[in-house]
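Letters are used for the chains, namely A, B and C, taken in the order the chains are written, and counting of residues starts over at 1 for each.
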């Protein structure tokens, strides 16, 4: 059976349950699932095949010295995936792809408008996942944590507001014991943070322990939008007053 | 619903349980054989204010009582059918009725599903909980499926008995309560007696005061083996079929079915499925062996709670353990949750049940001289109070 | 007890006069099947009918040849995935909640606005059918609501209210509910292992009490003398798996073949519905 499927190219459009190809040819991406060593679509949409990045091995070595192991672990098992990287196959509604390519955005937008009324014209709902960088607004603060509403996940604006929590120990990586929540966040601030856990029943747990994470947009007590001046301070351009924040390192556009 | 209540088993425990239940023969947690039921204590006639009652206590401590109450109710008249004009005084209708009842021995009794009202109460669940509605729908469906039961409640063309079955689970549900509730209501119905009718024809009914003379709803004579239905819970793990699963066993079920069967005296007019005479004769020949003529009344799929269990993580992709140190592995574990099943690592099942497995389950339940006969025999032995 | 707060009608039933209308010709005997036993009715399925929902679908099943017999009209909307209420416990999976509601005017007997036990029962059957089809672990900590309103139940207005058993109508409704919910789920972009579709088959006795019963697909209760047993099946065609099986009736256990053929026919009906479903979904993405 596999011999017949390897010869056929995957379809361009897929409905849930449609065979896409054997697992030996592709890696499962979003919108697909694995069943009996074959890949099947699990979403309705267009099939995309992404070729693997060319230099994964070199990039892997880049970030600093490897962490030293402090516990006994079994010898690393042989890698589950074959050394040769397989192309990733995924199924997505067309609009998700067009939002990734800004150049095609205008045309796709027109198509959305003319598509008219159909529920399928909307972009697919996205959930925050562990490791995602999200933008959120601070809702309220307590001495132990800041409660935030997650608004944007990665590149996509979420349809629903998901509640998140930045605990005092997750604000910054150093001097964790000196962190004061009210010196780091104020209600109304827009914060860039990373999801570190799906958390408890209501909240995602977020962290701002990297330089580029923290408050990106803050409003002073006078009501003016402030500018970041240091890693822990914002300044009101009109009154000149300084306010303390966990400031996110400004990112090049 | 009750079947999907959370069972606090870790993925490792689930995997272990699933593996031991998939062995041939399966090894169950409590050492039972696949077809063995949990021991239970049963008694009937415990509630003097009812027409029939029963109590069953399972060895794990779950306990249910059922009370059956009957009330005389006026039958709703339907235009267009053989209407009785009760305003007329019943002179002309009496003749018609006697004629109707005696002619060729044709039974003119009619039943209606609304004559039976069943309520299930489970502590900890709201009255309008879907699980409760599902249980009572399943139990009353089994009772009414053959269309014969409601006919027993017929008094005359103007009146009928309205039967209220109140099923109360006393203990919190430690396992899926369906078999317990079904067995208890079976016993309660077996012990149910309705007062002996003294009036005749379509007149207002009046009854014999002597409770000792009241006949059973299900008469127990040698000639009749008709019994109330029983509903069995049966599940499959791999190729093994397991009866009366405990809560933990149900958590790893690939598929779970509730199968309702009953035993009828003789093939009624409803049941002439034998395509040839030879087949019918063969069936008649085999019948005396078990003494029962089992009939399949209803089957429902129970949503197995295994689909809601947390998955395990294989060592190969576990960043905290085997694959520690390499950042690539952690990333992979986060992004590619889609992995092939690994031996010994629990993964919540997806999809449904194979057709063959479902067929085998039903066949195993309906087996002649199998579990159903065993259960019916055991219930037969319960003394009616 | 009588309700004393309202002005009630007379206690006893009165019988409206029935006039024999000679001018209306009898179109056909009401108890004959208009299709061959192996043929399902035609159906119409469309996704994306409710713009405000994440996904939606509408299903209509052809009325049978007799005028006055309404078909089945179902509308399904899927809301979510969305965050769970604060009181809900943590769930590593998507929490599925299904609501099936007959419109008050969908059946001969008016339905109230609150869900009655039979509607709750349908909801549970639907949940069991869909639970097997969706990939629940793709959406942790979230919930999805599947709401189906039965705009028109599949009931014959010519037969009297108490003729026939409503449960057979419920099976037909469930079959439609499963198909329409699968379309709406796919439209909403919730991961499913396969497209699940519902099918109904029944064992009927058409020619009197002593005739040999036959198995038919997609039965209409008003077209048959007597339905002995019926089953509704939710089936995943590519995986060849059954996610929900609901059988009801009265079958001798000595003849398991009868049961098996009933299930086979149910699967066949489900496959027919699935072809429509896949065609509709393919149209949606084009």
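Methods note: a contact is a pair of C-beta atoms (placed from the backbone, for glycine too) under 8 Å apart; a residue touches a chain by one contact, two chains touch by 3 or more.
Keep in mind that this is a model prediction, so the values were computed, not measured.
Among the pairs A-C and B-C, the greater number of C-beta contacts is found at B-C. Measuring from the average of all protein CA coordinates, the nearest chain centre is that of C.
Each chain gets a centre from the mean of its Cα atoms; for subunit A and subunit B, those two points are 49 Å apart.
Rounded to a whole number, the gap between the C-alpha centres of subunit A and subunit C is 41 angstrom.
Taking each chain's centre as the mean of its C-alpha atoms, subunit B lies 23 Å from subunit C.
Across the assembly, subunit C contributes residues 89, 92, 135, 138, 193-194, 236, 239 that each touch 2 or more other chains.
Across the assembly, subunit B contributes residues 350-351 that each touch 2 or more other chains. Looking at subunit A, residues 33, 35 sit in touch with two or more other chains.
Listing the residues of subunit B that touch subunit C in their complex gives 1, 6, 76-81, 83, 86-87, 112-113, 128, 130-131, 133-134, 136-137, 141, 145-147, 257, 261, 267, 269-275, 279, 283, 286-287, 293-303, 307-308, 310-311, 337, 348, 350-355, 358-359, 362-363, 366, 368. On subunit C, the positions that touch subunit A within their shared complex are 47-51, 53-56, 80-84, 86, 88-90, 92, 135, 138-142, 186-189, 191-195, 236-239, 278, 281-282, 284-286. Put simply, subunit A touches subunit C in their complex at residues 13, 15-19, 31, 33, 35, 40, 42-46, 93-94, 117-122, 124-125, 127, 159-163, 198-202, 204. Against subunit B, the residues of subunit C that register as touching in their complex are 12-13, 15-16, 18, 89, 91-93, 117-118, 120-121, 123-125, 127-128, 131-133, 135-138, 160-162, 165, 167, 193-194, 203, 209-210, 212-213, 228, 231, 234-236, 239-256, 258-260, 263, 267.
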